[in-house]
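Structure first, commentary second.
Chain nomenclature is as follows: A, B and C, assigned in order of appearance, with residue numbering initiated at 1 for each chain independently.
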Amino acid sequence: MPKWFIPAAAVCFLMFMISPVLIANAPYEATMGLVQKIFYYHVPSAMTFFVAAVVCGVNSWRFLFGKNVNADRLANSAAELAVVFGAITLVTGPLWARKSWGVWWQWDVRLTSSLMMWMIFIAYLLVRKYGGPGAEKLSAGLALFGMANVPFVYVSVNYWRTIHPTTNVVPTLPVSMGLPFWFCLAAFLLLFTLLLQLRVRLERQRAAVDSLYLALED
Amino acid sequence: MIDFEELAVEDVSRHFGRRKALSKITFTARAGSILGLLGPNGAGKSTLLAILGTLLLPTSGRVRYGTHADASADLRARIGMLGHDLYLYPELTARENLAFFAALYGDADPGGAADRALARASLAERANDPVASFSRGMRQRVALERALIHGPRLLLLDEPFTGLDEASVAALLARLRDLKTQGAIVVLATHDLDVAEGLFDRAVFIRDGRMMEAVTGSEALRATYRAVMTKAK
Amino acid sequence: MSGFLRVAWIVLRKDLTVEVRSREVVYTTLFFAVSCVLVFAFALVKEGRALEDAAAGILWIAIAFAGTLALGRTFERERQSETLRALLLAPADRPAIYVGKLAGIVALLLAAEAILVPLIALLFQAAGLLAQPLWLIAVLVTGTLGYCAVGTLFAAMLVRARSRDVLLPVLLYPITIPVIIAGVRGTAALLEPAPDLPMVRFWVSLLVAFDAVFITLALWTFEPLMTE
């Protein structure tokens, strides 16, 4: 394990322990009241989901074109984390929606597109599991296409009438709300990095076992 | 256009996950010779042929075609392959199949090339029949012409004798000997030596992905073949 | 460049010839698309009236399903005699092979759409579909092209994979949802009592952008994805 791992894990744990305090002390939002506070976990997890997606996409590119095997391990781990953080987003979102909009689900494009992106990463994992030999390349191709879809998702938000808050909320947050938000975002991103490191390490060890098997046969 | 006189396989290994398909295969073949890849089913012969045909990359080691080691379009233009599945479109006629591949390989006159190939295979009268209606032997002849239509330096054959009657086998053997005289490098994989004995200048025996023996000359071939094929693991 | 287009044309011509001889994919795809529409008719028409926007949605679902079928069959054919291997053995530019195959499948789907559109207009009282033929064609062509661009690449790379029949939809549908959305909304905009042309224009431009991005991406990645 790299030296920074344990201290970082400790920091991350502390951050998540502190976050409810920060969130409770943040001011209430004008229209939505208490329920709005789920935003402090929902939006960071959505952002982490996107970060995971981009990490997966970039490393899929490096794997396909640079033939870098470690990039493939990173991509696989990032895809798994994308599914995890996407799931958190897709659960916290409806919880918030039910209370503030009155419906569990709304078929507007951003929700639909987040769901679609999430499904792309589930498809990535399915291909890796059931695609047989050579599935690493297939899933890398899928991830690239998935990443290329992200701008289309983003564009459709700005051009489509939706009851989802528009993307411009974050920069205009008042400091009292901004602090807990950025704190939670940092906590989520740190958690993502830690989990990614753990997962990639597992893949490296698997590859080492495989090469031991191969060396045994010689 | 690139060309080469020698095919050199250097320490080629290939694994799929934990399964080692090929392990440190090394041999050379010169222009104007026929090399046999002999071994039981599942030995790795098809994998090796795929690597030689640039369809598969080795996980270690390399293949050298003369001075060239990288698979490029120019290199592929000098390689012809006859796989077990023949690579022919059953709905197209013999002539159409040949003309398609001739055009794909950049021939300026694909129709003419197809006609000449059909003449060489003595199939001119069946030129306009769909390949699906041909017998195995006839399809094999068309497939062989398809593999040779661009005049490759290296010809790879995977179990070409399967399902052929005596006449077709004799025709194939004669054609291969012609190619050898013309200076081609022929690599032929088979598990059945009875048919091809006397054809090979050299033979490499492969078993479980490993190279067991490399033999030159036909007398030693029969003895080594028996030894390798019946050897306990 | 001429070599590239020449190879694409040869592959396309070969595909069309094979298809004309056997007509298997054309007949089965068309029949499937029509049955698809009929199933939706029975499912969604209540008391003789179709659900709002049903026509647009059904058209694109039928295209998506029929497309998946056509893609699967076309590449299954290449797998049978391992002819895809022969294509990859040739010194021809690999992306050119992709373009040739893409053109063939797009042509097939457009032919299917030529039959589906009148059929849907008839069954769902959606005569508005035919009122702005040029815009409809724009939506159909850009949408079909986007769908098939992704589909051809995935179907080609799945030829050697296990579970390829089920993996094609698993891979294809999530990625092409923007195409379906744009196609359906664009078609629906044409179906409104007063066709919303600016909206149609927007969706068509989105589709054009999608096509440009994904065809380029497919051309870049075809070679690394097809080599082992």
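Methods note: a contact is a pair of C-beta atoms (placed from the backbone, for glycine too) under 8 Å apart; a residue touches a chain by one contact, two chains touch by 3 or more.
Just so it is clear, the model here is predicted, and its values are computed rather than measured.
Visitor: Quick check for the class: compute each chain's Cα centroid; which one is farthest from the centroid of subunit C?
Guide: Of all the other chains, the one whose centre lies farthest from subunit C is B.
Visitor: If you tally the C-beta contacts for A-C and for A-B, which one comes out higher?
Guide: A-C
Visitor: Distance-wise, how many Å sit between the C-alpha centres of subunit B and subunit C, to the nearest whole number?
Guide: 38
Visitor: Whole-Å distance, subunit A centre to subunit C centre, using C-alpha means?
Guide: Between these chains, centre-to-centre, one finds 31 Å.
Visitor: When the centre of a chain is set as the mean of its C-alpha atoms, what distance in Å lies between subunit A and subunit B?
Guide: Chain centroid spacing, subunit A to subunit B, equals 50 Å.
Visitor: Two or more other chains touching the same residue: where does that happen in subunit C?
Guide: Touching at least two other chains: 228.
Visitor: Which stretch or stretches of subunit C touch subunit A in the complex?
Guide: 150, 153-154, 157-158, 160-163, 167, 170-171, 174-175, 177-178, 181, 202, 206, 209-210, 213-214, 217, 221, 224-225, 228
Visitor: Under the stated contact criterion, what part of subunit A meets subunit B in this complex?
Guide: 133, 210, 213-214, 217-218
Visitor: Report the residues of subunit C in contact with subunit B in the complex, numbered from low to high.
Guide: 3, 6-7, 10-11, 14, 17-18, 21-22, 80-83, 85-93, 227-228
Visitor: Along subunit B, where are the residues that touch subunit C in the complex?
Guide: Result: residues 53-57, 73-74, 76-77, 79, 81, 83, 85-92, 96, 100-101, 103-106, 130, 146 of subunit B touch subunit C.
Visitor: Quick check on the complex: what are the subunit A residues that touch subunit C?
Guide: These residues of subunit A touch subunit C: 64-65, 109, 112-113, 116-117, 119-120, 123, 126-127, 130-132, 134-135, 137-138, 140-142, 144-146, 148-149, 152-153, 155-156, 159.
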